[in-house]
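Below, each structure is written out as structure tokens.
Note that subunit A is present in both complexes that follow, paired respectively with subunit B and with subunit C.
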Partner chain A sequence: MNVWQQLANGVIMGHAYALIAIGWTLLLGAARLVNFGHGQMYMLGAFMAWWATKATGMPYYAAIPVAVIAGAVLGAVMQRAMLRLTLQQNLVSLMIVTLGFGQIIEGTAGLAFGVKPRMIASPLNETNLHWGPVLLTAQDVAVVVVTIAMFILLRFVMNRGLAGSWVRMVAEDPRLTQLAGVNVAQVYLGIFAFEGAAVALAATLVAPRTPIITSMGFDEVIMTFVVVVLGGVGSVAGSYVAGLALGVFSAFFGALVAPAYTTAAAFLVMIPIMVLRPGGLASGGGPSR
Partner chain B sequence: MIRPLAWVALIVGGYFLPPLLGGATLIYNTLVVIAIFAVMAYGQDIVLSDLGEVSLAHTAFFATGAYAAGILAVEYGWGAWATLAASCAAALVLAVILGLITLRAREFAFSLVTYAANVVCYTICYNWNALGGSDGFVGVPPLDLSVPGLRLTALSNKDLWPYAYGLLVLTLYFVSRFRRSKLGHAALMVHMNAPLATMSGLDPGKVRLLVFMVSAPLTALGGWLYAYQRAYVGPDLFETYFLVLMLTAVVLIGRRVLSGPLIGISVLMVQKSYLSFGAYFDKIVLGVVLVLVLCVFPGGVSGVLAAGWRRVRA
Partner chain C sequence: MTAALEVQSLSVTYGGDPAVSVDHLVLPRGVLAGVVGANGAGKSTFVNGVLGWSRGPARVSGTVRLDGADLSGIPVHERVRRGLLLVPEGLAVFGTMSVEENLKSTRPHGVEAQARAFTVDRVFDLFPRLAERRRNLAASLSGGERQMLAIGRSLRLGPRVMLLDEPSIGLAPRLVLTLLLTIRQLVDEGLTVLLVEQNVRAAMEVVDHLYLLERGRVIADGPVAAMRDDPRIVEAYLGSVRPDNASGAVA
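And then the complex of A and B:
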């Protein structure tokens, strides 16, 4: 086994996990929402990028903003439909609704894009880089760089910006925030638009590394569940570290034990953590109803 | 006196539904599948309506019931009564493990852990050859519930109807009894006001665990019969489709309505059998129904009807 190569694979995979999870981290931290349509939103982001390059012939770099804008619009539309439930903090119904949205997105994408596996043509994927015993592509480097940039940006906005303070207020107590004169509905809309845009951005960068199919939704983002949970609710730095750790764990577990059981192993790691500190997860940050 | 008689009439009438609808093969197929999926949905109904949690592990319970039946019947030649007991027992064991793990988890933590459990079960079934791997088990023998002196076999969906219908009626009876039982009341109390429940001397953790243990074999029974109905068990049983199906069936009519999941499943299956434009279209229909009901009519159809009735009387 080439240890350095596996370590590099793990680091890249970890950044990919963290980037796919970033929108959900904010969503869970600020709105205490679990979005079970996250995977399908990822799939749609990837297919928007593929469609943009294929149908209009635009270059890969121009397709990225197309997918990101589409993702933001989708997130905002979803949140608009769920607004009443969000303001009521009806978390059980919200979880089910996001499952429903996932089905709608998957069905629509199936009708629109067909069943064939596709490949997003990214020039970065063609460029191989050798670094000692390690072989990687420019696409891998892009994933790592953009992930780090996104996490620094999110952390900066959350800690310094006015929007960040609104999000933290909503996370603390939506009703009180409303009384303080902040339009809570707009904040939720913004959080969801960010979630949609972020997962679409992740898709445009991560998805070109493998073929894409419309049914991939859930499988591709399974690991984000673990990232979000391990990182702690809404903790930006926490989910970055969790993503990285999980990536390295997956790479070595896959190489040393069995690749097929990597997901199961990651979940088995997660379960005791959920059991040991469920209070910290379920009640952290958000209002106690 | 009138009420029990009306129930008996309804139950007997329901049994003759397929011939009354013309008795075509598609009628039998649809109605058998409705009965099976309704039994599956009632397991989820108990958790969602009475406990107020979303369990994503119920697809795993459904698959557990089916796998237990499939493996034991195909590989070991067990009879249907034995596989019936094994299906319930397997689901119960899984429910105890999961229930203990999620004892203190609520809301999204509960849903995430149950989802994780589902993924772990799926991965194991998909990759482990002893459990059929990606191929599953083909050629589950026809249902044979014969007892000494009485031959009870089902070769086709038409033969299967009495058993599927019987299982459905028993399930309905069981759920209605559950809602009037001590545990049913306790579950509702824990759901509505956990601190009050604790002050009344209930242990919320224990109640949740027990309800989970009641609901799992119910869903597994649906899986058990499904294995015989389609003569095949495989990893596709873990698909999100089944999860969304049972959740939609429960919320469509309204929570805590006894006939709700049955009517919900019937509507969805009739659409699938008679008004389908392909699998993608069915997915969109399911999703749209789910989103529309919860976002626009949170009380479901029964809530809309109740509001309409109040307006008429006012």
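And then the complex of A and C:
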């Protein structure tokens, strides 16, 4: 086994997990809700990018904003439909409704894009970089760089900006936030639009590394769930660390044991951690941490 | 002159009969009016209803005018932006934020509100205790400090009319009067306040006008001097409490 290569794979995969999870981190931290349609939104983002390059012939770099905008719109539409449940903090119903949304997205995507595996044509994926014993593509590097940039940006906005403090206020007490003259419905809409845009951005960067298929959403939502829960509900830094740890763990587990059992193994690790530290790795973490 | 706040046929329902039903209430500008009544008389429901705000599934009907402008159909956050502020009962601060963050993240919306709004420093001048604790998390504050912070946050929004729901609850007797006098000072500077207060004796020290609520209805109201002799007030709130016991809880 090439340890350095596995470590690099793990770091890249970890950043991919973290980037895919960033929207959900904010969602869970702020709106205190889960989105089990998240994986299908990831799938749709990937297929939007594939479709944009294939059907219109636009370059990969132009397809990224197309997918991101589509993701933001989808997130906003979902939130609009669920607004009443969100304001009531009716978590069980929201969980089921988002699962349903995911199924609708998956079914529609199957009809629209077919069931065959596709490949997003990214020029970054064609560029190989050798670094000692490690072989990377420019796509891998882009995943890592964009993930780090997105986490820094999110942390900065949450801690410094007015929008960030509104999100934190909504996270703590939506009713009280209304009394500060903040349009809470709009804040929720913004959070969902961010979630949709962020997962679509993740898809355009991560998905070109492997073939995509319209049924791939479920696997993504499972890994995202592990990252967000391990990181500590809504903790921005915690999600980054958890994503990275999960990536490195998966890479070595895959190389040493068997790739097929990686997801099961991730859960095996998660369960004792949740028992020992119910708050996740970043216990006591609010959405700002 | 237009009244700062005018309420007409306000009724708040939680599904059955109205919990609160108030025919008419007018507050001229620069007036401090008190709302008193027994526990469960509907004082909180009433002031929350004026804003159209609730933590539960309340239904509010009626007309509320702010400086003459009808607020019907206008959502809560927009009413707040126009200057109708509520400091609700209890812990009306964001515990996970520091004192300073609580104040800084609460900002006036629009030019007009900006002109009326307190700066963070001015809030600290009004409540020096908050300045000392500016870096502390709001969750670590005492009850009195939280009330100061809650009021300070509202002042940051540039209120025309402030609805204060029991700001003195849980405060030491000495602090109750200090807080009420601070509110009085704000009114003297031009603010209009509707103050819910359980401590009738203390409220009478500072208010101009008093409303007595019973089972969701105003059963008596008038200038505080006249109300002092009202038999219903005397009997229920003043007669049974010894004069030296200013903090006497009235239920």
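Annotations
We adopt the following convention: the second predicted complex is superposed on the first by the 274 of 289 C-alpha atoms of A that agree within 3 Å, B and C clash if a C-alpha of one lies under 4 Å from a C-alpha of the other, contacts with A are read in each partner's own complex, and residues count from 1 in each chain.
Just so we're on the same page, a contact is a pair of C-beta atoms (placed from the backbone, for glycine too) under 8 Å apart; a residue touches a chain by one contact, two chains touch by 3 or more.
Nothing here was measured: the structure is a model prediction, and the numbers come from that model.
On the superposed subunit A, the two partners subunit B and subunit C both fit, without a clash. Centres of mass aside, this uses C-alpha centres: at subunit A, the angle toward subunit B and subunit C in the superposed model is 90 degrees, to the nearest 10. Looking at the shared chain after the overlay, A:Gln89 reaches neither subunit B nor subunit C. Looking at the shared chain after the overlay, A:Phe218 reaches subunit B, while subunit C stays out of its contact range. Using the contact criterion defined above for the overlaid structures, shared-chain residue A:Gly181 touches subunit C, although it does not reach subunit B. In the superposition on chain A, A:Gly102 makes contact with subunit B only, not with subunit C. When the two complexes are overlaid on their common chain A, residue A:Asn125 makes contact with neither subunit B nor subunit C.
When the two complexes are superposed, the chain touching more residues of subunit A, out of subunit B and subunit C, is B.
Looking at the shared chain after the overlay, A:Met274 reaches subunit B, while subunit C stays out of its contact range.
In the superposition on chain A, contact of A:Gln6 is made with neither subunit B nor subunit C. Taking every C-alpha of subunit B against every C-alpha of subunit C after the fit on chain A, the minimum distance is 14 Å. Taken together, the two complexes place no residue of subunit A in contact with both subunit B and subunit C.
Of all residues in subunit B, only 48, 52-54, 101-109, 111-113, 115-117, 119-120, 123-124, 126-127, 240, 243-244, 247-248, 251, 279-284, 286-291, 294-295, 298 touch subunit A in the complex they form. Across the complex, subunit A is touched by residues 51, 53, 55, 75-78, 80-81, 85-88, 92, 94-97, 101, 104-109, 153-154, 157 of subunit C. Of all the residues in subunit A, the ones that touch subunit B in their complex are 28, 32-34, 81-82, 84-85, 90-93, 95-97, 99-108, 110-111, 218, 222, 225-226, 229, 258, 260-261, 263-264, 267-268, 270-271, 274-275, 278-279, 281-282. Residue ranges on subunit A touching subunit C, taken from their complex, read 162, 165-166, 168-169, 172-173, 175-176, 178-184, 286, 288.
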